[in-house]
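Order of writing sets the chain letters: A, B and C. Residues in each chain are counted from 1.
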Amino acid sequence: MVDSRFFPTLGPFTLGEIAARAQLTLPDGAPGERKFRDIAPLESASAEDVSVFSDARLAASFAASHAGVIVTSAKLAGLPHNGGHILVARDPRFAFAAIGLLFHPRSLDKPGLHATAEIDPSATLGVGCQVDSGAVIGPEARIGDGCHISSHAVIGAGVVLGAGCCVGANVVISHALIGAGVRIGSGTVIGGEGFGVVLGPTGLMCSAQIGRVLIGDAVRIGGNCTIDRGALADTVIGQGTMIDNLVQIGHNVCIGSNCIFAGQAGVAGSVTIGDNVMVGGQVAISDHLTVGTNARIAGKAGVMRDVAAGEAVAGYPAVPVRQWHRQNVFLGRSVQKTTPGT
Amino acid sequence: MVDSRFFPTLGPFTLGEIAARAQLTLPDGAPGERKFRDIAPLESASAEDVSVFSDARLAASFAASHAGVIVTSAKLAGLPHNGGHILVARDPRFAFAAIGLLFHPRSLDKPGLHATAEIDPSATLGVGCQVDSGAVIGPEARIGDGCHISSHAVIGAGVVLGAGCCVGANVVISHALIGAGVRIGSGTVIGGEGFGVVLGPTGLMCSAQIGRVLIGDAVRIGGNCTIDRGALADTVIGQGTMIDNLVQIGHNVCIGSNCIFAGQAGVAGSVTIGDNVMVGGQVAISDHLTVGTNARIAGKAGVMRDVAAGEAVAGYPAVPVRQWHRQNVFLGRSVQKTTPGT
Amino acid sequence: MVDSRFFPTLGPFTLGEIAARAQLTLPDGAPGERKFRDIAPLESASAEDVSVFSDARLAASFAASHAGVIVTSAKLAGLPHNGGHILVARDPRFAFAAIGLLFHPRSLDKPGLHATAEIDPSATLGVGCQVDSGAVIGPEARIGDGCHISSHAVIGAGVVLGAGCCVGANVVISHALIGAGVRIGSGTVIGGEGFGVVLGPTGLMCSAQIGRVLIGDAVRIGGNCTIDRGALADTVIGQGTMIDNLVQIGHNVCIGSNCIFAGQAGVAGSVTIGDNVMVGGQVAISDHLTVGTNARIAGKAGVMRDVAAGEAVAGYPAVPVRQWHRQNVFLGRSVQKTTPGT
């Protein structure tokens, strides 16, 4: 049961509406007009709920579930279950995500500008924005239609946000041009000064950092991340890329579209990353490297050389993932053989 | 000497009061009415200070210390020292911590609600709270007695805080039910959207995250952490668990009581962790794993399989800690043997 | 081309002024009175721009660049190029950084105290400060001349900042004495309670943390860092040390001068670090260790023993960097030999 203090629930929706939202076909004879109330996990779903079964290890839960509707794959649909309506999806998790957003859309709480927001007279806001208490919008900033700027967020001079962006509380954005539908978690800092330390005869100096941050449409950034602006060029994040919490993106990094960065990953300066790259949690990528399209970097890997398109790497230093597994097996066997008594 | 600009000091307290606070027995003939002024390290303590000696490597400091009172163990008490009064404790560090809080309790600065705090009329606050400038408390939030909400903290709609909580500056809390006596460091984000990325035919999508964060009594969370709310279920942190700075807790993670997480540790989604687990700094725990009660995970380990109750692991990938040490010895010897000239 | 929405540009400056700023000698016959407009990368620089060539791998860009002035080394100056004026520097990157700051100095936007800043009557501010909206300056704090305190930054009671400090938005500083010319990135927390967890018969307890943070002149700290105050002694950061984003510095850590910490590095409690130490990204240093002057710790290393002065280490656990490379070669060869078919 969703906690209604936190999550207003739309609906109920008919089975037909639910299937349509996920572009699924209703099975013959299914009651397209019957209404369902919410989404829920297999274990706690009632006959009025929609659930999902996408992992064969949960077959027992599927078999016992009281869910009224279960989204699953053609293959898993053949397993024993409890009589709920089955919706078959090529990609059940994706279909269920779409259904979840039908019941629980991301929406503005209270459009309007809070009296304590500090909006510079030269800034422009689109229609239907929500700007919460204490938010700051600097000179010449341009905020698109339907944006939500949460409490105490600070949008610097000249920053551009496309329509439908959601900026969390205490976010700081400067020196950035941001597309439409971008969501930024609380506490994240975008456009901070890159780490351009140079060593000279009189000690360390930080060079001027006069590039920007360019963020494409539909990018999602988590909480307490840091995304530095470029030094001379720009830092770029391609459209649809998804970034988890506490991720560091260095200056001049150029990231393609539809990449995934898990929590606490870090990308050093001037790295170039292609499209559809998956980066695991706590991965580090050294500066000036290139990571090709569709590459996969396993969690906690330390990448110290280029990664080819489609390559999967793991380890520290990162090597092809199969090599890493073999190395680990080799190490484990070696110490069993060599030091039996310890 | 404590800097009085930052730390008001209570006292002085008598030796009897000091021993009582730490549940220690006064030795025969000790001057229970004599007063002492503060705590201090062995090296700088004066005859009016209380100090602690818990590490045999500091025996020289113990021998030379001018501290008026020294808390130590029965074993260490036999080493040479300079004549201060000795209080023997089964656990000297724990006893000294209790004595430190006698002189330096955590207390409210100025109870009351600052004029610039934005407290929704439907929120309820207990008695004796301190709400600092610019803090935001949302609709229907319930704040217990004696809570301290620091400047610019943002407490979202419906959030519940038990009595005696301390929320740092610029903290963001949403979608959370929090127990009594919880302390949260500045800049931490609790209840942000979990990282539920699913891949489908039209690209990446983030599923609705409609769970909560449930935090038990007496939990301590450091600064700039991120603790995501659950996807369908809840993210749970058991009572008395202690979390350092910059720690990431993913959605649906379930953590037991009295665990310790050192700085920059990260727990991926849907991990289950038992009671009394110790997690070192920069540890990563992969998603959907189980870590048993009393397990110990060494600093920087990358946990990629379940950890049994009581097991101690280290390395990346994490293996039993003795195996890891043997692997490291093996590797060091191997390169000495195989590449003598390099 | 610098984006003028974000970066006002001073100048133009004559070649003579440019050379003088970087303490470079004008070549014979160079047009010292000719003016230049900005800095730019080799690839996009025009005849009115100054650029830099410091990496032989970019020789093709040097050969083709239209830059009016190029700063380079004596060695690289001999490579083919396109006719721009050459300024030879012993350290081209350092010289170019100085020139960049000539065109793009870090300066205050709008000196003055914003009406919504909350400055305690007992705090003192030097001349020419800028305090932005919602910033909080606590009782008895002392802020030097020409400081910039950005929006929603919270400067706690008694904190001292030297002249010319720049404090980012949403920064939290408490229990700290900070030198002149210190720059602190947005979202950073300085002076939070150290992680002093002690285990006793009744569970975990956090000891009082009654030390301070002492930061030397010209230190640079990135965004969303956490620097804890000391437990009984102080946490110390020496002058000129440069710290990137998301770095954790534990309680009682003592860091020398002119050190470099890359992003997401973490230093556990009571570590002592000498001068000129370089710490790579995501490095972890275990508690109570000593790292000598001029040591170098490679990215992602896990340091679990003392590091000698001048030593270079890498790996987890960290070993001498040459040993680490040999270990990695050994591992790679071992699995090729032992498991050819997999």
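Going forward, a contact is a pair of C-beta atoms (placed from the backbone, for glycine too) under 8 Å apart; a residue touches a chain by one contact, two chains touch by 3 or more.
Remember, predicted model here, so these are calculated numbers, not experimental data.
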Given that chain A and chain C share one sequence, their CA atoms superpose after a rotation (degrees, nearest 5) of 120
Are the two sides of the chain A and chain B contact the same residues or different ones, given that same means over half of the numbers occur on both copies? different
When the centre of a chain is set as the mean of its C-alpha atoms, what distance in Å lies between chain A and chain B? 28
Numbers and ranges of chain C residues touching at least 2 other chains: 116, 134, 152, 170, 187, 224, 246, 264, 282, 316, 331
Chain A residues within the chain C interface of the complex: 116, 118, 134, 136, 140, 152, 154, 157-158, 170, 172, 174-175, 187, 189, 192-193, 195-201, 203-208, 210, 212, 224-226, 228, 232-233, 246, 248, 250, 264, 266, 268, 282, 284, 286, 302, 304, 316-317, 319, 322-323, 326-327, 329-331
Chain B contacts chain C in the complex at 2-3, 5-7, 39-41, 90-91, 93-98, 100-101, 103-104, 106, 109, 116, 132-134, 150-152, 168-170, 183, 185-187, 220, 222-224, 240, 242, 244-246, 258, 260, 262-264, 281-282, 299-300, 315-316, 328, 331-332, 334-335, 338-339, 342
